[in-house]
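In the two assemblies presented below, chain A is common to both, partnered first by chain B and then by chain C.
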Partner chain A sequence: MSKTNATTVGRRALLGGTAALAGFPNIGFTQPRQPIKVGVPTILSGRVAQLGLSSRNAMQIEVDRFNASGGLDGRPIELVVRDSRGVPAEAARLAREMISGEGCEFLLDAEPSSGGFAIHEVVRETGTVTLHVNSETSSLTADPRQRFWNAFRVARQGIHDSIAGGAYAAEIAKARNLRRWMTVSPDYAYGRDTTAEFVEYVKNFHSEIQITGETWPRLFQADYTENITRLSQGRPQAVYSCLWAGDLVTFVEQASIFGLFQQSQFFAVNMADYTTLQQVRNLPAGVHSGNRYLRNFPDVPENQEFAAEYNRRFNTFPTNWSWQAATSVRLLGTALRQAGGTDPRAVAGKLKGMTIDSPFGVGGKLTMRAEDQTLVDYAIGWGVTIAQDPYIQRMTPADWAVIYRLEAEWKRSKGWT
Partner chain B sequence: MRDGVLRDAGIATLVLAGFLAVTLGGFGSAGLLDFAIRFATFGLLALSLNLLIGTTGLVSFGHAAYFAMGAYAFGLLMQRAGLSIPLAILLALGCTALLALVVGALCVRLSEIYFAFLTLAFQMLLHSVILSWISLTGGDQGLMGGIPKPPFLGIDLSRPLHLAGFGMACLLVSTVALRQVVRSPFGAALRMLRDNPDRAAFVGLSVYRYRLAAFVIAGTFAGLGGVLMSLYVSGAFPTFAFWTTSGEAIFMIMLGGVTVFLGPLVGVAIFLILNDRITAVTEHHGLFLGIILLVIVLGLRKGLLDFVVDHWRARRGASP
Partner chain C sequence: MELAELGECLSSVSCIVTQSAAGLTIGMLLFLVASGLTLIFGVLGLVNFAHGSLYMIGAYLALTVHGATQSFALAVVAGTLGTALFGLFFERFLLSRIYGRDVLMQLLVCYAVILILDDLVKIIWGADFRSMGVPEEFRRPPFIIGGGIVPYFYAILFAITAAIAVLLAWGMGRTRFGRIVRAAAINPGMVGALGINTTVIYAAVFAIGAGLAGAAGALSAPIRSVVAGAGVSILIESFIVTVIGGMGSIGGALAAALILGFTRSFGSIGFPLFVEGAMFAMMALVLLLRPSGLGGKRPS
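On to the complex of A and B.
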């Protein structure tokens, strides 16, 4: 009996082995499916390491979810994350190496704008489907010369924030009669562009506002005494700032000592992010801020769950870069499944105009707008700070109909439509 | 002298033919092509800098200024003037030579630490101009929108294979040219200036003019490296003109060797291979790269090629 069984098994094994050798590996034994490699060039070291770390963490949560739910017909996504150290030429090199040397079929570019534009030019040539996760510079998708079939933006953008911020600030200004404004923003392209756009829109909504002075600290400046002194001497009724992360933390702590927040209403577009809110000692109450990422805006269970899971796995809270990174994986995963494979043209075709369910969108939806391949309908709002968790209250959502209308006018004024 | 030119040109042609045979024969991976482009780019930067450091004895901390000038001038000419690539390269090199002439005229009278810091100051000035002149340079976001690469003479530089071949050709032609500069009477005069400028002045050489000429030649070849870099990344960025780029070039020279002509190229290869391999396996690449480089520098106490050549000479001298 045992002899018969042994013979039978031996024959099957022999048949399987022969089939495998003949080029039918799945007949002989089960082989793991090839992973879909996705390259992630980003910054993991230096002063802005948080950008890459919080992007990578959020991507990993979504990738684990995608893989656990079966991947693409059994094929899991594998992230290949590399550090460019914030050097654009290195970002371009890494992108090329990921595509040509490491077999990455897609890129989730988690670089800031400078590296993002360098990668943009690489994938323009290679035709790799790429989702820009962290570049907020509007021209990346708004300028038609920058647009091509395989590049998408999954990030908030400057023009949307400026319109939303301008509308909110104008309402507050009208209610409290704030006419004399000053600005304090970092002295580089993002700071100057974002401030100019905010000023344009706040005046658009409330024409009596006047900018009586501006001061431009350097990026990563340590001492803001000079800037705070200028603001104190100018005695503005309101101050606008697009300082961010560590710079904003330092500025707020130093400005608190000088009593700036008692003297003027402060509008800081980048305040409401946990990396900033939790870092400021004695967070002043009553600072107006746009949302970067808040677990209670939108106040839906899935958003709270995302923050809780992120906190459980990484012992910190998500950032603005995190929700964008998570969204990029969800969009790519959905497009892969809808396309039924990894053909770049098919995946790009599905991404264009795609709407997905998302806790980060208005009404639970996010859309990859077809006309300029950029993310819209994400949650934008402004509120005021309080000293304890949840740090921000009285969130006022922005009106996307207004954003669309003014964005279209802005594009026309630039000659981009 | 003439025999030397022919021999060097022959070797360079053989190297280029070998490279093209490997890549066109299907053996060249995309990684090899990428490496070749970057090797050519940084090779030009390091080799040209060594004309100042190794041959003339002028340690410039601001050599990346000419690298950046070449990249920005070429990028802007291609984007705004719509020229052919060879013409744009020539004009970009002309702009770089002019910048080197102006900066050099002010710097080469000084020596040692004063020269080093003045070149660094001019480089940081250029860096600030690039950051501030946003309408022309794009500021901190760099030259955006891509650089057009219209084909010329059957060469299409938007294809990595063609760009790698073109880059290697530029590097090899430049290497032969720089080799002739070093071997010529002009090169001998530069070495004399390096070893004893007073004696050179006594025999009637104009220290100022010779140093200035070396400065302009070195700057121009660094500009060609910048042109290749802008073609590679399809843009130009302020980091090209930052002091870290100059620092990396000095480091490459120190790694490969100052006294042997091809030393900087060996240094470039070591630096790029270490950078690429370490970046691929760890996020703490700065720490690992630093330790490895420290071991090499402290262990050999000179550049790798200097060490090899000295060792070889010592053995040859010791043999009967």
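On to the complex of A and C.
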């Protein structure tokens, strides 16, 4: 058998060489190399279609750059993007089909946590190198039972945001004597977990804070009047929320006409994303927000250029999911080149502990932390809103040393280290 | 349960004012949608499961017209009339073919229409959520009454929805058209035998019902996300209103919508985790004790 193969290859090489010498260079030497297929299951329809669209757009920018600079020894990356419609079972099915039916060698999972965990189980079985791009649920990589050699997270993480947000909010609370707090967050796992973590850390940094009430609107609730009147009646000095996207826009519009933002300081971790900032018609000044994606944070030319190119190509601005998606392609491309091929073990080995230059990182660097295969050193900060572009000012960067210390304590408390 | 807080609220003027204003506004917007649904059922005998999509169309039409003209009045008129016109075509070319068929067929056709309209909305306006924002002329500080908060725009919304409710009651109760509609609901054969074209009556009633849903969508566009699929949640609440109020009863729909509005506003204080449950519990209670609903006629 091996003899036959050798003969075949030899004959092909001979034919190619003859064709080249005979004046048919396209046949002989510059025929396009086989693309490296990368599967991207994501949400492209429904109320959170922006998740998939802005992920796909940013990936395409980075893929075009990778291919234009020669790809992997001439092999370009080809994205295979499919719509899961936000159904975890469909995301898992798509992942399997991409791997076994469409020849995808790698996955960039651009699902939220619900679909991300479903895909995680698929690739645990298939051994496909997978980068989770949008799942922020901490346990995905923090829990050692969830961890295996071929899965990585290239997304911000709930515990990091909660520590950063807690530290910032506690400083504001001390300075303005804000002790009575209420919360309004969506009534599902993300909302409950993120709010609980924020409350834990804001109290950790400022023990005099009391949560005097909470209200839990449904995900995608149409009307927030009842939640806002409850907040008004509670007369809190500060309100925390992890509502997001359209839900946050609706809440802010309604809360504005109740004068809630004159009554209380508002801390909204998900406000500083262009999809939200540009949709709120009456963006109140002085709302505190964590950064999701801002073109001026970090305020470096490469970040501005990324936003400008994205805007030029897609007539809108990047989102939090965009910077994560772009980073996932850059990490994968770098690992492919360092490994010199597509061998999964070699690529995964290069990804572990890899540091890359990035406009989205602190000091221009991002690291795929080896111990739990998750992204660290990305830019986290909080600032306050203003009505006009750039929408957020007085950004206060988070201290990663504090995040590392408290994250380690949190993992110990969970029995994960 | 936080019933102590509810007790405190009920003994405080400011809380009663704030929660009542919220309850009235929520209830009246819900009434607009549910009155159309119940009107269509009462006269045409059709359970219009696509009624929520008409609400969505009203919101998108209003958003578009407001974007082009910056006039909220024009936006509301366009949302109402545009949806009524759409309803007219919808009834004539599709629903009229399934009158008298079983509920399963009505459900299938309406569900197909929901899916088609959701996709059309995505094609025309995009898949992402949109926001109109509170119009400039209504961005004023809220009224403070007895220490309670009544947003200026909510007062406007309440005034408009109350005016529409009065107009509807007058139109159905005091006009010749209203009498014919009520007669057609009871005995369409007799109405036809008197030389009145019931096909026109049916089409007009459906257009009015659609227009009411469109008006609700247009009026609430400034304070709610405008998004494909927005009709689903409002449809569920409208059905609850229709069941509690009595299928076909506009007066019952008004009472039920206000009950639900107040349940939402005061429930968020007293039993915040059971507001949805309370609404469904009320529906179940009505079905057990008075299956015809608050305003529905008991079977003779």
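Everything below uses one rule, namely that the second predicted complex is superposed on the first by the 387 of 417 C-alpha atoms of A that agree within 3 Å, B and C clash if a C-alpha of one lies under 4 Å from a C-alpha of the other, contacts with A are read in each partner's own complex, and residues count from 1 in each chain.
Please note the rule applied: a residue touches a chain if its C-beta (ideal position, glycine included) is under 8 Å from a C-beta of that chain, and two chains touch if they have at least 3 such contacts.
Since we're looking at a predicted model, the values are computed, not measured.
Visitor: Do chain B and chain C fit side by side on chain A in the superposed arrangement, or is it a clash?
Guide: fit
Visitor: Regarding the shared-chain residue A:45, is it in contact with chain B (first), chain C (second), both, or neither?
Guide: In the superposition, A:45 contacts both chain B and chain C.
Visitor: I'd like to know which partner A:87 touches here: chain B for first, chain C for second, both or neither.
Guide: First partner only, chain B.
Visitor: Does the superposition put A:96 against chain B (first), chain C (second), both, or neither?
Guide: Touch status of A:96: first partner only.
Visitor: After lining up the shared chain so the two structures overlap, which partner does A:221 touch, if you call chain B first and chain C second: first, second, both or neither?
Guide: second
Visitor: Taking the C-alpha centre of chain A as the vertex, compute the angle to the C-alpha centres of chain B and chain C, in steps of 10 degrees.
Guide: 60
Visitor: One more residue to check, A:124. First (chain B), second (chain C), both or neither?
Guide: Once the two structures are laid over each other on A, A:124 reaches chain B alone.
Visitor: Is A:286 touching anything from chain B or chain C once the two structures are fitted on A? First, second, both or neither.
Guide: Neither: A:286 stays clear of chain B and chain C.
Visitor: Between chain B (first) and chain C (second), which does A:114 come into contact with in this model arrangement: first, second, both, or neither?
Guide: first
Visitor: In whole Å, what is the nearest CA distance you get between chain B and chain C after the fit?
Guide: Superposed model gives a least chain B-chain C C-alpha distance of 7 Å.
Visitor: Of all the chain A residues, which ones make contact with chain B and with chain C?
Guide: Correct list for chain A: 44-45.
Visitor: With touch defined as at the start, can you tell me which chain A residues reach chain C in the complex?
Guide: Within the complex, chain A touches chain C at residues 44-47, 49-50, 53, 215-216, 218, 220-223, 225-230, 232-233, 245-247, 249-250, 253-254, 256-259, 275, 279-282.
Visitor: Please name which positions on chain C make contact with chain A in the complex.
Guide: Listed in rising order, the residues of chain C that touch chain A are 9, 15, 18-19, 22, 25-26, 29, 122, 127-134, 138-139, 141-142, 149, 151-154, 220, 222-225, 227-230, 233-234, 264-265, 267-269, 272-273, 275-276.
Visitor: For chain A, which residues count as touching chain B in their complex?
Guide: 44-45, 82-83, 85, 87-89, 92-94, 96-97, 99-101, 113-114, 117-118, 121-122, 124-125, 137, 139, 143, 145-146, 188-190, 192
Visitor: Please name which positions on chain B make contact with chain A in the complex.
Guide: 29-31, 33-34, 38, 131, 134, 138-142, 144-147, 158, 160, 229, 232-235, 237, 239-240, 276, 279-280, 283-286
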